[in-house]
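One chain, chain A, links the two complexes that follow: it is found with chain B in the first and with chain C in the second.
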Partner chain A sequence: MAAADAEADADAGGATESVDRMTVTVRAEVLQDVVDQLLTIVDEAIFRIGYEGLSVAAVDPANVGMVMLEVEPAAFESVGDGMFPIGLNLERLDDYIGGASGADPVTLSYRPERRSIEIEHTNVEVEMAGIDPDAIRDEPDIPAIDPSVEFETDAGLFVDAVENADLASDHVRFKAVVDDGEVVVIGEGDTDEIKTEISSEDISDGAIKRDAESLFSLNYLISGGMLKPLGSGTDLRVEYSEDHPVKMHYDFADGLGHVTMMLAPRVGTN
Partner chain B sequence: MADWTERYRPTSLSELRGNDKAAGKLQEWADTWDDHREAVVLHGSPGVGKTSAAHALANDMGWETMELNASDKRTGDVIEQFAGRAARNATLAGSAAGGGAAGGDTESRQLVILDEADNIHGNYDRGGKSAITKLVKESGQPIVLIANEYYDMSRGLRNACQEIEFRDVGARSIVPVLRDICRREEIEFESDALQRIAERNKGDLRGAVNDLQAIAEGRDAVTLDDVVTGDRDKSMGIFPFLDAVLKEQGAEEALQSAYSVDETPDDLTKWVEDNMLTVYDADEATRAYDFLANADVWLGRVRASQNYSYWRYATDNAAAGVAAARDGEKGGWTRWGRPQFWPSSDKTADEVVRKVAAAEGCSMDIARRRVLPFLEAMTHHCKPKELTIRMAAAYDMDEAEVSFVTGSGESTNKVQGIVEAAQARREEAMEEHAEGAFAGVPTRESDDAGADGGAGGDERDAAAPTAAADDATGSSDATDDGNDADSDDGQSGLGDFV
Partner chain C sequence: MEFAAFAARAEELEAEPADLETVALVADLFTEAGPDLPTVTRFLLGRVFPAHDTRTLDVGPALCYEAIARAAGPNVTAADVETKLADLGEIGAVAADYDFGGQRGLAAFAGGGDGADGGDEAGSGGGGLTVAEVDAELRDLAAASGAGSESTKRDALFGLFNRSEPAEAKLIARLVLGEMRLGVGEGAVRDAIAEAFLSGDAEFDEKPDGESDEPVVHATDEEVATVERALQVTNDYGRVAVLAREEGAAGLDEEGLEVGRPVQAMLAQAGTVADALEEWDEAAVETKFDGARVQVHYDPAVADGTESDDALGPKLYSRNMDDVTDALPEIVEYVAERVDVPVILDGEVVAVDGEGDPLPFQEVLRRFRRKHDVDRMREEVELRLHAFDCLHADGDDLVDAPLRERHDRLAALLPDAAADVTVTDDPDEIAAVEAAALEAGHEGIMLKDPDAAYTPGDRGRNWLKRKPDVETLDLVVTGAEWGEGRRASLLGTFELSVRVEGSGGGDGGDGGDGGDGGDREADAYETIGKVATGITDAELEELSDLLEPHVLAESGTAVDIRPAVVFEVGYEEIQRSPTYSSGYALRFPRFVEVRSDKDPADADSLVRVERLAGDADD
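Showing the complex of A and B:
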């Protein structure tokens, strides 16, 4: 991650010097998906757009949740020569592209001399000021984790399980035991406790290598949290280990967009 | 040019200048955090290094930081969303590196820094205060609260935290910092110049560094002359202002001085009015009072119309007018006093007024303006004692309240004796009332009556309407009536007709 970023930075740095103005065109629904997912944890993020497609990584202000997003160049109608990094306010971007939908092409042009982008879609043309990337919190370096538990399941099923936990508590426990071959999603409140099983039949692919239990804050996941854009029909891959961040992956834009979400565990108070 | 206070911010607690003791305590707090898991409050004057200390500590400990300062909106929701999330969860990088969630290791720690914690108010920052208190009690991460005024924080919050005081940084500690910065910025300096900057900032290290930067801007040397001419506009203290208006300056100068005092015209007017008589003679005072009366009229218009542009006329009158009323200049040193208005918003005063109003059945306004002045005059310094005891008994006053009315010290034997005597008298009166009342109610067991009675009280009222409705004050009515007669001095209270 860190190495890739450094490269991207270097490329971008070089590219912005040489390119005066760079333009990419992407389908409205793809950009909309990107913005929707990012808005679940941050207000602003650094976009890197260009010949490698699009990549964004954003960590929430409390340094607890993170979303990484990549869209392959093939998802773009056209990509420019360089890569440009620009910090953007997501709420505003969301408003500006709100008029476009479905396969409408959205053109983003970078104007380095004014540190702004020009957005064109349908009959609308917007000039939007960028934010200095230095003013946005850098994503932390996350070392590779060998997860104790990995499983792939329908996102709708998983979201339901997590929402169940919310009925009784403000945090959720993921629990897996090697011999059981299933993952239990538990909400433990002060008085009540609710368990939802994700059985081996619902798990399309996965492995429980070691027993693992981990606790996470629900407000990062649901009620506008990271799982908000997800619904039935999307395959979600979840990886976690005891006392380590949970990672969740899914694809969008016909498999050309990839999302990784990460959430640090809750601190045990008892 | 980057801000020097940022560029030279200490990266380690050991680099913090001044406040070695506080830094040591902060380090100890962090080292033992696992055992106590309490938040800490760093308090002291602005610019002494509280925020720097917190960041330096996090850096030393290898903790991440999350800061919420006064420029952020701090409603309960926002605090919960940002600080709350940080405080209840491990950090991403830390937990991914194996720091764990339980916090046994410091790697997944994050220091939550809440700046200006004394400025979070229950109402204005909707729910902010209670959100912070809750957060501090439940946090799974170390929290540092930073405050200028420790006692402006709510008691609940103070009790939940440890406390470390940061003292003003002495000029002796400031000078080396300035010298060091000059060397690193390659700026030549005169030692006297740095000394002057340090002294002028009286304990405010950040202010000193800012001044140095402002003076050194565009220069490669700092001399004493530069420092003298580079004096910042500083606000004038209220005492120098009183000297200016009441003794030294002419009308125009006095008005200019008024502009540089950091007080509102209504407070200024009070200060001037309250101190004017200590230096003005009769003729001067007569003229000055005309101007003060004018000022007061304008202040009244401001209040009535909410048009604050009238404030200027109040200031014109209170400063220029009063200065013009003086013949020549006055010399010597005068001890200026605080205007007496301040205690009026006192809680004790409100409580006394509330009790008097409840007992007499009058409004609080009447109690404040028509009853309290008489009580004060009659029981001045607890004389006569008998009357004071009756008053204390009638209104069930405690030491603070008796002291407030009589002007005697709260902790004196005299006041305590009076309150004890008054209590004894109340109890006697209560028993008398109870016996009288329950004698008239044959079906009740008299044992049940006791010294006072919750449910019994209601029935008693029905049977004996002369006992007042309220249990707390009713039983003292017998003494009240007598008291009223003297105390009201011709003014009847509603209580007299019950």
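Showing the complex of A and C:
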């Protein structure tokens, strides 16, 4: 999986930022997946698009959740010979590409002199103004650490476990004990508690290296949160350590798109 | 400046009951504010933006409660916050009572930091907020628009609470809801600016015996007046504070009006013809129009027949300095077609029928803040501009000029729209003007001192409004009761209060200065009665929708409501009464309409009620 690479490169910003007009073409479903994932935490983001593909990272207004996303150039029908950066309002972009679907080609033409992009698909042409990149929140640079717990499981199973926690609480606790070899997803309400086990049989790869438990806000995960685009059939890799951000990685676009989601924990509440 | 340091000063101010000491404390804060001086000045008054700026945070109580609940911890709900609010009485105390900061921010883990330990990294729970950061976050929050803006605002506010200690959280909650409760009004800020930056010695004086640390404020009346004048023409406390510090009195004296920067409207008191003729040699008598106040700003910036880049407007601002330009296109066209020099005009927009006769005030309201269907409503409701004052004309600031001169300039600029003025010392002539105004369907007359300057924001005795009979009061809704039976889901029996000027602030009472517009001395509100009649079921539904977002607390069927909505209420008589806290009650009160053009700070005052009841000292 190349998600770790996406994470490492998210802040790199590409090699050569183009000041010339340039055009890329991508399938509608790929672009739609990108927008859908970003919209789970932000309404505007800075894209870097071109011969290196697409990369974008966005942190929510409270600096608690982050999405980093990379699409390899092979996922594009065509790429230019430079990279262009542009800040875009995601709700408007979502509206503008809504008429295209599946493999419909969507052409994005960068107009640096107007700091805008032209979007063309089906029988639609849109000129969309960019947002000043300085007006968009910078994402923090989170160093990689050796996680105490990392496991890969079916995304549908994981989402179900997290949604179960929501039945009793507005936070979810991930708890893993080395000797048990399983991860327990817990929702602790004022009166009720619900536990869903992700057993070793459900874990296709990974290791519990150290006992670890951490608490996370469900606001960021479900009900339109970061897990919204995920369903059964997608492999999800989860990494966390005691009282550290949880990282969740998955691929899309036939393995050419890579997503890393990150969520900071709530601490001091046991 | 660390936000925690500002919050500590705010706590001192809140605990300080004495006016002079408050001014000294604020002056001290200003001298230490450094580059944050404009922000600190505005924050003290419950503002993020200058008063002339039309941007608002647009954060209601419900959104604030949700953000607090999220920061407060697992399984705390907005309903829990409201319950605590009912116990503690105000949102700042509620925010301070929770233990925020359990939710880490990602930035706490950046660069190898161990966010689990808290610490000072930006984004961690607790610590690290600066005044500039809070200002920037709130400005970003105000800029959020579109379908997801409410969620963005909630997230941003949650992020701020998450990073705040109790004293900081208290201030943030109060700031976003415009209820600072520090006991620091505009007058104290004005005096403190003079004290900090114009007075020769801002240190405390000790009495000769050395036993008292009673503060002495050194700023002279002249220095305070210099600040006051600059505030009136700039309408920006932050800017004036910086100017005073950087350039002193000379810099403040150079400040003038700026076309496109609205100033507060000059206001009138109620008064009689006898009052006017006793106080002035002559009275300028004008028609009192039953319309909506507008301030017109226009700079055609035409040179050699070509419009330059400096052109602006015409822009139209309401009495509360909201931009209402788009809603009133015919007024914009009227001014643009007739005026060819930069101007700032004051006037009233009135709805008229096909014959040009005035229509009731509510017809204007159908147009005034409309954002949609403007063209259709333009066909339905015809508007006319009656300009009655000229603050600026062709490069000349006229606020210090006498009314006679200002009106002459106005009449030369807009002869058709300039209100007629009769200057006389003859009561019979005044009565004739009044009779003609009423005959024409207008509200009555205004009496003005023809030699007085234009004093923005001042409700002085230089303008008097005389109505033929005092029949209605504009009162603030401070409570209500849930109905019964088929009205069980509707609010009714509305508790009404009069405004007590500048007596609120940190008293923990039901005072409040309303939204982001807290640029007045903190007012308090005292009850004067309840109104339940004159309201249809349809109106009850509308009033319930209007008032529910302002509900502070509920007990049984009784509901406490944050002062935000003004009702015009008719009555037959004002009586002294021990039942209500104002000491007065209305006989046969009846609901007339919602005064959506007025803030609580514009509601009728207890002083006015005393005068109407014949109990005023004067």
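Definition applied: the second predicted complex is superposed on the first by the 248 of 270 C-alpha atoms of A that agree within 3 Å, B and C clash if a C-alpha of one lies under 4 Å from a C-alpha of the other, contacts with A are read in each partner's own complex, and residues count from 1 in each chain.
Everything below uses one rule, namely that contacts are C-beta pairs under 8 Å (C-beta built on N, C-alpha and C of every residue); 3 or more make two chains touch, one makes a residue touch a chain.
None of these values were measured; they are calculated from a predicted model.
Under the clash rule set out above, the superposition-derived model of chain A with chain B and chain C contains a clash between the two partners. Once chain A of one complex is fitted onto chain A of the other, the partner contacts of A:43 are limited to chain C, with no touch recorded for chain B.
In the superposition on chain A, contact of A:190 is made with chain C only, not with chain B. Of the two partner chains, chain C is the only one touched by A:91; chain B is not.
Of the two partner chains placed by the overlay, chain B and chain C both lie in contact with A:262. Within the superposed three-chain model, A:123 lies out of touch with both chain B and chain C [touch as defined at top].
Using the contact criterion defined above for the overlaid structures, shared-chain residue A:169 touches chain C, although it does not reach chain B. The clash between chain C and chain B in the overlaid arrangement falls on one stretch of those listed (271-279, 307-315, 325-333 or 595-603), that is 271-279. On chain A, the surface patch touched by chain B in one complex and by chain C in the other comprises residues 59-66, 140-143, 215, 217, 219, 243-245, 262, 264-269. Partner chain A is touched in their complex by these residues of chain B: 64, 66, 81-83, 85-98, 100-103, 108, 110, 138, 140-141. If you check the complex, the residues on chain A that touch chain C are 39, 43, 59-66, 89, 91-92, 140-143, 169-171, 188-190, 215, 217, 219, 242-245, 262, 264-269. Those residues of chain A that touch chain B in the shared complex are 59-66, 140-143, 145, 214-217, 219-220, 243-245, 262-269. Touching chain A in their complex are the following residues of chain C: 70, 73-75, 102-112, 115-116, 118, 122-123, 125, 140-141, 144, 146-149, 152, 155-156, 158-159, 162.
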